[in-house]
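In what follows, chain A forms one complex with chain B and a second complex with chain C.
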Partner chain A sequence: MAYVAVSGGREAIEESIRLLDYHKSGTDKDIEIEAIENKLSLLVDRVMSEAGLYAKTYAALALKQCEGCVEEAVFLLRAYRSTLTRNYYTNEVDTEGMRIVRRVSAAFKDIVGGQILGATYDYTHRLIDFRIGEEIFEDARKNMQALLAAQTPEPVAPCPRVSDGLRKEGLLDVCAKNDQKPLDVTMNAPVFPAERSARLQTLARADTGFVSGLAYSSLRGFGQAHPTVGELRCGYAELCVPYLFDENESVYIGEILLTEVECFNAADDTDRLKLTAGYGAVFGRNENKAIAMAVLDRELDAGGRYPAQNEEFVLTHGDSLEMNGFISHLKLPHYVTFQSKLDAVRKTRGTEHE
Partner chain B sequence: MDKKRLTKILARADRREVAAMSAEILKTCRPVILKEPGKTLAMIKMREPVKQSLFYIGEVIVCEASVEIDGARGIAVLMGDDAEKTLDMAIIDAAVNKGLFEGESKLLELEREQNAEIMRENALFLKTMVNFESMDGEAPNDLNAFKKA
Partner chain C sequence: MNKNYNFAFLDEGSKREIRRASLKAVAIPGYQVPFGSRELPIGRGWGTGGIQLTLSLIGPDDVLKVIDQGSDESVNAVNIKKFVGLCADVKTTTDTREATLIQTRHRIPEIPMTNDQILVLQIPIPEPLRVVEASEEATKRMHAEKDYAPIWLELYESLVKYKRIAIATEYPCMVEERHVMNPGPIPKFDNPKLHDAECLCLFGAGREKKIYAVPPHTKVVSLAFDDVPFERESFAGKRCRLCGSAHTYLDETFDALTGEKVYQCSDTSYCKEARGQCV
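On to the complex of A and B.
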């Protein structure tokens, strides 16, 4: 069979793109970007995390553009990000000093600073609330604003890490500050064994489902035993960049919402046991991803024969854009390559049906 | 007032408040725009507690601008894409550097309001703090219990 280049479908493609609007046209009602940003904020957080770009309004816009498809929204944000220069690197973010909105420990009930449940679905009944369909959001907002205004101000106090106490006791390894410049996986693909900075950045950007599934495999027996969430904290961290005209000054550029987790495992320490920790941090309120990241961080440190312990496996298959791009390409025309496969199969089966 | 405190108040302030402060400055001087407000990225550098190493968690969109007032330069970098507010902040920064800024008392007032708002919100979160009541009078010390487990 000779190779034949074909073209066509241009008009069909244009009509297909136009038809996307048809699927959004089942109602006269529109959904405002501000509403997506504030009422679907966990979805917005997920998109920002997987895009590696903290931009709430743009994430909401992207979600609206693609009918709420996470991977398309991630694609749009990544594509937009690639059109911008990067003129700044923030100073080191102090997550220990974050303004906490939620903080729990599964390891200790009494922790310095207390366990703050914050807003969580953990204790809600998972029953659909049909009243929401009739809810008047203006009233809901006014009620919350009134509640906020009625509060007696409470000073914001940073909470020390739960792991600090274990380090002081010598139960967790104490590491000296390592100021090595991090690898940036958006600029350089990691080589294996990967630097720790490459691992953490890759996992922080990874698809939530992929990270969660791999961590789950580890918990089910394809990895180490059940870890303990030493601390899960969610809060606002300040971002600053150096001030251009004075190196001793810095500029506050805003704050971001982060979820951070430390998980503890027991490990051998020559003739005794010690504790080890895994770390996870993600944009927004995305607890399961942060916990899963911490589980995988520890699994990768431990190494072993299971998928969750294989660094190359874990770090090269979880990027939303890459995985969905590759899977998606399977539905595009493969006429020539499939013809070749077909020829090969036919040859092995003789020529009786030709 | 150091730059971090100044920019924190301005960044948290409503854009109309910042515009009003900038407008006051514009009554007496004409800044030259060195860099029109435009979007760029800032990479966020974090330090993780386990190995105390640095890593990048991701980027954030910021708007930046630069102006000059009679030889004194001012800059602004602000999360998001509010070009006008960023330019106003750069004008205020240049005025501060030139010694022309007279709105410090307004800044302090804004800071008080902002802190009060944050503390009220904090009160909401602190209401969800758990008060454990032990059901066993001889409950062991938490940390020791964890070591034995």
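On to the complex of A and C.
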């Protein structure tokens, strides 16, 4: 018999994994983890953000392990993360006190603390720089270090938020302080309507393309959002955990690079208008994701008939692992279910005994 | 076995949480219990709900069987067995009778299971009402209110349009006259095996973060009308080309040389046993 219903799965898998090694061995040149971590840092940031694990070296390692595939790298980090014991929850992170490396406002020309353009590709001309192919990186690093050594560092003072002024003026919605313990979305099944803490965690971990696309849909017409980026800040925020022996004390454990956005929207306030804010915060430098998150946060507050305003729709379809896992499972054998489908189709066509 | 990870991969706290959810599921047959689904090194959507159940239940004395499409040898079954083997030193088998724990995708074994065995089913979409209502918030309320009119209407509309109920797999059933349940993507051929079964059946949906159960001797009735009885896939006049069985679920395949359509048992373990008895 020529056809053998799929068997020999074990051997096939082993050989398939060997073929992956073949693909990864395409050149004698190796790419070091340190190089990935530092020279592909935006990719590393994206992977950490979607994985919900701030670990640059592991993210770089994961990227190397899977030929640079973002969803695979996210998957590797998530699977590793789920084996780690959760020892502490950090205290509230004070992003107002972050060590800012970039800060812009599209709402006001002049803001307290000033605008800091920082590093951005926004004003580069997207022309491929063919010199990169010949660049000697050792020189580039030496030159940059010499440049830095010749400068005197200036301290950056913590900046108040742009939204503070509007709140004082009574124009911007004020949220009541909420000290409720956040719901940990990694340990609990989602419940709808969702707590805001669950919403923000879910969006912060969501696939960058998914949140960007959804936010775009709401800007374009399938939504109400016409936001102004009140403030986008990127910088290092300190993390502290409670000190075990004295709950009034805390221990500094390090700092993480964050991008945080507040978007302002005009909204209905019975017979008047008011301003409302949408909030976004993501690991690393990933500005579009942070802005998109802020847009969606506001759209979910507003609610409505469009996809970006539907909480269940937005929060259950943006997880990289879940979307890619379910899409890729379609490649698994479905012989039994397809046979059943054939049976159903044939019966409606009266051809079941052919 | 990889000693860098805990026995059966998950930490003991997670396993306990999954077992607690399973116990609740057993206590309310057919009710979907939400749980904090963990991320595994296997694709979410590739059976991670079933795997989490297996990992939470398995002990050193268990004998594990994993099947996909009824076959022990299918790539996915092999892959899951390989993963469990990496983190739990347990015996595996292809023999349905020998296993204490069977994890399956898309089939219930042909050989009836006994009361010292557990069947774990991998479930993609646990919600039977999802076909008629997209929102989880709404379907949760429908279950609470036992509002099953829309799913009955779905069946009725199929009948009007196609003159028969054209649902293939995931054929909804009523459990203990209370909860409508999705038996998962098993063919409706297997639905009757859930009714008054000897073994415990656990359903795990990892991506959707739900666990539900059909404990032994539970009433499970596939939805049908009084004048239009429940109907399974039919293989009338066909038998397995290997063992000759005429009462099993068959895979339709083609002989690559002659192009002739042939059938064989989808349950490879059963087929092997049947052939053994013929000799």
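We adopt the following convention: the second predicted complex is superposed on the first by the 334 of 354 C-alpha atoms of A that agree within 3 Å, B and C clash if a C-alpha of one lies under 4 Å from a C-alpha of the other, contacts with A are read in each partner's own complex, and residues count from 1 in each chain.
Just so we're on the same page, a contact is a pair of C-beta atoms (placed from the backbone, for glycine too) under 8 Å apart; a residue touches a chain by one contact, two chains touch by 3 or more.
A quick note: this is a predicted structure, and the numbers were derived from the prediction, not measured.
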Report task. Compare chain B and chain C by how many residues of chain A each one touches, and report the one with more. Result -> B
**Report entry** Partner chain in contact with A:Arg81 - chain B first, chain C second, else both or neither
**Finding:** both
Requested in this report: State whether A:Leu219 touches chain B only (first), chain C only (second), both chains, or neither.
Outcome: neither
Query raised in the report: Looking at the overlay, what does A:Ala176 touch: chain B (first), chain C (second), both, or neither?
Result: first
Report task. Please work out whether A:Ala302 is in contact with chain B alone, chain C alone, both, or neither, and reply first, second, both or neither. Result -> neither
Requested in this report: Could you look at A:Pro153 and tell me whether it touches chain B, chain C, both or neither (first, second, both, neither)?
Outcome: first
Requested in this report: Starting from the residues of chain A touching chain B, keep only those that also touch chain C in the other complex, and list them.
Outcome: 81, 85, 186
Query raised in the report: Can you name the residues of chain C that touch chain A in the complex?
Result: 5-6, 9-11, 34-41, 43-46, 48, 68-71, 73-79, 82, 105-107, 124, 134-137, 162-164, 166-169, 185-189, 207, 209-210, 233-234, 236-237, 241, 249-257, 262, 264, 266, 268
Query raised in the report: Considering the complex alone, what residue numbers of chain A touch chain B?
Result: 48-49, 51-55, 57-58, 81, 84-93, 95-96, 99-102, 107-110, 114-119, 147-149, 151-156, 161, 163, 165-166, 169, 171, 175-182, 184, 186, 196-197, 200-201, 204-205, 238-241, 243-246, 249-256, 258, 262, 277-279, 281-283, 297
Report task. Spell out the residues on chain B that touch chain A in their complex, using ranges where they run on. Result -> 2-5, 7-8, 11, 39-62, 64, 73, 75-81, 97, 116, 118-126, 128-130, 132, 142-143, 146-147
Query raised in the report: Which residues, counting only chain A, touch chain C once they are in their complex?
Result: 1-3, 5-10, 12-13, 75, 78-79, 81-83, 85, 186-193, 312, 316, 321-322, 324-329, 332-337, 339-345, 347-348, 352-353
